[in-house]
Amino acid sequence: MYAINWDVWLPLCILASSLLPGLLIFFLPEERVVMRTLLNLGGASLKLVLVGILIWGVFNGHHYEFRFSLLPGLDLVLRADALSLLFVALSAVLWLITTVYAIGYLEGSPHRSRFFGFFSLCVTATVGVALAGNLMTFLLFFEMLTLVTYPLIVHRGTQEARRAGRIYLAYTVAGGTSLLVGTVWLYGLAGSLEFTSQGFVADLVTGHRVELVIIFVLLIAGVGVKAALLPLHGWLPQAMVAAAPVSALLHAVAVVKAGAFGIVRVVYDVYGIDFAVSLGVALPLAILAAVTILYGSVRALFQDDLKRRLAFSTVSQVSYIVLGTAIVGPVAAVGGLVHLVHQGVMKITLFFCAGNLAETLGVHKISEMDGVGRRMPWTMAAFTIGAFGMIGAPPMAGFISKWYLGLGALEAGQGWVVPVLVGSSLLNAAYFLPVLYRAWFKVPAASWPAERSFGRVETSLALLLPPLITAFLSLLLGLLASAPFSPLQWVRFIITLEYVP
Amino acid sequence: MLAQSFSWQVTVIILPLVAALLCFMLPKWGRWLGLVMAFAITGSVIVLAYQVMNQGALRYAVGGWGAPLGIDLYVDGLSLLMLMVVALVGLVVSVYSMAYFKAGKAVHFWPLWMLLWTAMNALFLSADIFNLYVTLELLGLAAVALVALAGGVDALGAAMRYLLVSLLGSLCYLLGVALLYHSFGTVDIALLAERVESTPAVWAAMALMTVGLLFKTALFPLHFWLPPAHASAPAPVSALLSALVVKASFYILLRLWLEVFSQDSTAAAQLLGVLGAAAVLWGGVQALRQTRLKMLIAYSTVSQIGYLFLVFPLASLMAWQAGLYLLLSHALAKAAMFLAAGNILCFGGHDRIADLDRVAQRLPLSLTAFALAGVSSMGLPFSGGFIGKWMLLDAALQSGQWWWVAVIIVGGLLAAAYIFNVIGHSFTRAEISHEAKPVPAIMEWSALVLALAAVLMGLFASWPLAVMDIGAPFGGGGS
Amino acid sequence: MSSDLFYALTGASLFTLGLYALIKHAHILRKILAINVMGSGVFLLLVALAAGGQQAFDPVPHAMVITGIVVAISATALALALMLRLREASGLAVLPDTSPEELSEQLPEAPSDVASKNNGKNA
Amino acid sequence: MNSALTLPSLLLIPVLPLLLAIALMLPPLRRFALWFAPWAALPALVVSLLMVPGVSVELPWLLFGSYLGFDETAGVFLFFTALLWLVAGVYSTGYFSESCSRAWFLSWFLLAMAGNLGLIVAQDMVLFYTFFTLMSFASYGLVIFQRTPEALRAGRIYIILAVLGEVMLFAALVLAARAAGSIEFVAVQSALAEAALRDWIIGLMLLGFGIKAGVIGLHVWLPLAHPVAPTPASAVLSGAMISAGLLGWLRVLPLGELALPGWGGVVLAAGLLAIFYAAFVGLLQRDAKTVLAYSSISTMGVMTAALGLGFIAPENWPLILAAILVYALQHGLAKAALFLGVDMVTAAPVSKWQRYLLIAGLLLPALSLAGAPMTSGMIAKYLLHVQAASVASFWAGWLQVLLPWSSVATCLLMARFLYLVWPRQRAGSVVVVKTRMMWLSWTVLFMVVVLSPGFLPFSAAEGLWLPEKLAGALWPVVFAGGLAAVIYWLAKHGKWPFHFRIASGDILLPVERVLWPVLHAMMLRSYRTLFKRRFLLSIYRRVGQCYSGLVFLLEAGENGFRRWAVGASLFLVLVMIFMFLAWQIIF
């Protein structure tokens, strides 16, 4: 009995491990720093431990599922399957790191209780998205994510921040609506929304092909807003005005990832890749992703603001995941899914570093970065690793994804993908290498825009350690890609489930 | 049909009436009496609910007379839910009002409010259309008096107009009652439902009663009286009016359409839907343009009422349930919004949206209440509004009338736009500190409790939906 | 034409007349009077139609009318009280958002400053 | 060497320089690491000498499962590459006077070394590519080390081409891995023969590695980058890293598997063109290191041509491979010896006596490059010549004819080089302090160059030292020497009629001056028209106009509704409409 209980409640506990600290933090007075830090880190660590137990359990054949009736015939389902574990583990690990970073970053700034409260809620929603066992639950947490991220984006309260928040909402709420309509419609047709590996639509719906295509478009448009697919990406570069930990969260841990994850869910577990192909929607999606990849990179090329450049880079990189998903075939799918993890780790490194530059030196623009590598060698070393990862240079994590994508595309007979990958790599190099050049090889200016001194180290340790850890991770994930329990191995395991009946 | 020795139906009507009298006669004790009685009424509603859930729909003939001569009190799932939401909102508003009204106005507020409660409880329990008229009129008068409580030209003018609207609407309704009674010799809804047939008198009655009730429900384009009235009333009154009073006339409309006019009046139903759609859009756009918080909330009510009318053209079981669910969650959310707005007004002395930054950051609980209620209004999860919207969308898609889907979506987006327009201001960095009056914690928490209730409606939908089915109020209108 | 029908038609006419006056006149007192006229019309109709029924004697309509009259009286009282308060506060017994033309039409003695005040509010 | 030591020793080859590079970056370890850094290539050298070829170990966790191994090809490459890195490393301790810039230099140097040594022992494409990338990017730091405008320009050109090469290789390797279903070299080489996209793969490989190997057309970075780098870096760039591209070809191209005359012809022709074109342009240079760089391009041309021969005649491939290996070996050693010598000649503290000795010492590697008798260069040329003669093909015939003339070209280049470094020039830019280490390293290298013919296994077997063969190798040297003397005499007396020069980077210049600015302007312009405000602004404005109209409508509408007469009339109208609708139902 005891064991069965845990199988039900563990997913909920994982949710609660960030929800409850978040709610408690809201009520903490501003000056109770220690208590707040304790709650933050305690929640994050607890979540990590619980996720560890979950992974161990799933690996040992436990079936974790929490079910709660929401409407007659529609349940709120939290379930731990292999795919959700990938995302849960990613967000749990990165959340802990980001929390440390955020504590360091926001030291002494106003409204910290509010910030960390929403911060925790944001991760709760992300974990909910990850653990969602049906489209309804996914939708619920997806929308919740929209709402709790908004306060983080506008946290600084400046005019630009509010504008960014408005744009963010305009996009995401519209996207959420599209998702809602698609979901309701699909529910009307299929009568169920339960995620099933290889999709449930094909089994439950006969005929209605036109409707199913429209629903697919609605669903993909809904999640695609967060994944910043091409015509829907406008909010992401705007949202870079938010504080660095928020950007990290947006780009690497939560929002964008939730969107990409949603696309994976819709394609694999709602429609099923084979059925999506037979509907003729997979190839257009792949092409859209490819266009986004190139478009984002081209835009990034022309940005002088560092975070803006990184934001456009995200637009481009996230579409790798979509591309891998939309190409039929296990190898490409491995490439796409593993990029979910890899992109997260690499991009979070870059944003941490950008935040360090801004916080320590007041450097926001690339044109101000001359010689910054001498002043902050550790930060820039981490940045360099992240940038090379984005370019896809071996042995960084980005290379692993790119390799699998290329290989998978060839396997699926979609040779056109290889030039896209090559072009993207070139563009990535074109916009990252000049930054590195400036940072390492140019002579620093006489003074920095707004320098703060931290004694012997280049910046505070809470700011320095997170990017170093994630940079190390992005190196390690590539270098030891074939080690047991590496994301790559885990993704291969997931894909076996998806492709082998 | 036998008279029971003791009826909880009667109790829930008598208790507030007694309370009103007591409050009137003992003005000094008004506040405490009101509060105690609010708890008592809520308790008796709970008991009644328990009874109904165990025994199914109940009919009680007052004094043992029975229809057609006597007064019947009928309670099924629909009326029970209405009673309960009135009790919940009423209780919280009572607690809020304890702190809100200072000596002078409290004297007037408590008797009027208890009278309003009496009228509402009686209305939801009435089983015949004439009784509905009386309670409706009583409700209107109490509501008008409450609006006038605020004093000042704006409030008085708005109250006056509200009164005229109310009277005009009820007179039309009464005319309809006369026509129906003439045709079928009864005013009991159940009997009418059995006897009704299509005659010119019925359609005239239908038109008169429907439009009369639309007027009181403030459906576009007859909404013009609502924003000034709701915006100029004191905060607890606004909450009551927006959350409950407009719903009462809608409730009558729903009953009539479900039982009496249920035969295939599709064109009229479509017209109701069109008006509802227009209300959703017009109210939303107008809300977007407002510079005052309370006006914004009032226009939001105009918009939200529109949703309720989208169920008429759909006319499936799911649609009715969706409508009712939207009604309930709107009641909770809108009350929370007005209470939160009241807090902000009380704290900062104004409700200009553009200057909210000075205020809102220092009232985090009220702001949270507003935001959560806003989430429900937008129909985003987790909230009752989401569940209602989900079911409404489902019903619309299943009936193949996809154009309502477009309306629902645009309405939701408009709601998001105007709600976030407010919330966005509260994040602005406020450099200028502001002279402010402290707000009692109980007022902040009241707003929050209602907002949380609206949110919880989104998590525990099965229970209200099960209650809704008691006595199958939608059975006749079902697909 | 039976007398019942005559009464019924008279009731309907009263209702319509009242409605017209309610819409047309700006002064609140006239509106209140109009409402009362409408009410009388409805009561007349109710009684007349009841009498036309098959039953010789039906007490229900009478009970209804009596109840209705009680309601009408209290409503009128409330309306009059409100009107006085409004006049006290604003100096005019008209609804807000009344256009100046209507004002000048209905209340020749209306001071121009009130009209302009209303005008300003509209803008 | 037993198998238990295989894995650690193979791993040590790239890992030791990597670890030292990291240690150099950490301030507490820097002093310590500076001691060991110059010697980082020593284990590799030891392995190359002691390890028995034919071992391979798997590293299952690394990347996609990687293989390290040691075979004959690796042995030759590892030997001269490690030797060069070792010598250059030791040389650098004297070259850089202050420890700060030495540490900075050595960290790049070690990273590039790790890449270069690692790729030699890599036995699969991905690991090879990984080390190749490391080497490519780390070399950038070496190229721009001096931070002069020329260095920065060279660096820019280099990095652009390197990145291009990287992505082409990526595409090629992915295609190859797909075709082979494996990333092991052995599997890939054989699978490539039947691959559907074979021509794409081969083409991309040739281009991708060709950038590093200085294939004609892609060679433009070489004459820019090699001269501007610090001398020890130039030595390894020109001697070792240039061969990495060649090794890439040898590893993945389906050489010896099947005959591809088409590719063979193209490659051979490109090689021949490179030999003479580079020599011609090189002769017009005025900087000694630039001349050496062009000489490298020219020599790589020979090897490219040999590769083309391999495409044409797969059955001869083992022998052609041997020729290429010898060529690469002798070129690497000789070229490095020349590069290291340049600065020692021109630098101030070297005494006059030493300088003349040095000149004499430079002459020998130069002659080796030219394939003069009794040098390893002669062996290489001879081996290649034999193979060219044995293949009956149009292009092979040309190779056979032109090979001696390539010696003439090289010889002329060397004459030009020696002329340029002649001690009358005193414009040494580098101040050398610790000459002892530089002398030591240079001398070691010189000795290896001198002795190399002795330990190459071919000389005795082929009877190379017979007089007629020696004569065959001698005439180009004599001819070129004579020609050079004549030209020198003419020029000295002002009778040399040709006075034009081609700036280093030759065909790059039109691209850089014309094509790139035009392209750049076009890109910027199209970007601006697409994404800048003007376009969006017009939309906003139009929307704004509509919006203000709408606002008016909304305001007027709502004010209208508020008027009692309007509102109540609407009420009446609605009653009518509902009655009308009901009427419709009934009748």
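Residue numbering begins at 1 within each chain, and the chains themselves are lettered A, B, C and D in the order written.
Basically, contacts are C-beta pairs under 8 Å (C-beta built on N, C-alpha and C of every residue); 3 or more make two chains touch, one makes a residue touch a chain.
What you are looking at is a predicted structure, and each value in this text was computed from that prediction instead of being measured.
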Result of counting contacting C-beta pairs for B-C and B-D, higher pair: B-C
Chain occupying the most central position, where position means C-alpha average: A
Distance between the centres, which are taken as Cα means, of subunit D and subunit B, whole angstrom: 78
Subunit B and subunit C, separation of their C-alpha mean positions in angstrom: 26
Chain centre separation in whole Å, for subunit B relative to subunit A (CA means): 42
Chain centre separation in whole Å, for subunit D relative to subunit A (CA means): 37
For subunit D, residues that touch 2 or more chains besides their own: 562, 564, 568
Subunit C: positions in contact with at least two other chains: 19, 22, 95-96
Touching pairs - complete list by chain label: A-B, A-D, B-C, B-D, C-D
Subunit D-touching residues of subunit B, taken from the complex the two chains share: 161, 164-165, 168, 172, 198-200, 202-204, 206-208, 210-211, 214-215, 221-225, 228, 264-268, 271, 282, 285-286, 289
In the complex with subunit A, residue positions of subunit B that touch it: 357, 361, 364, 368, 375, 378, 380-382, 386-387, 389-391, 393-394, 397-398, 405, 409, 412-413, 416, 420, 423-424, 427-430, 459, 461-462, 465
Sites on subunit B touched by subunit C in the complex: 68-69, 130, 133-134, 137-138, 141, 144-145, 148, 151-154, 156-161, 163-164, 167-168, 171, 174-175, 177-179, 181-182, 185, 187, 228
Interfacial residue positions of subunit A with respect to subunit B in the complex: 26, 69-72, 76, 111, 114, 139-141, 143-144, 146-147, 150-151, 154-158, 161-162, 165-166, 169, 173-174, 176-177, 180-181, 184-185, 187-188
Footprint of subunit A on subunit D - complex, ascending: 25, 60-65, 126, 129-130, 133, 137, 144, 147, 159, 163-164, 166-168, 170-171, 174-175, 177-178, 197, 527, 531
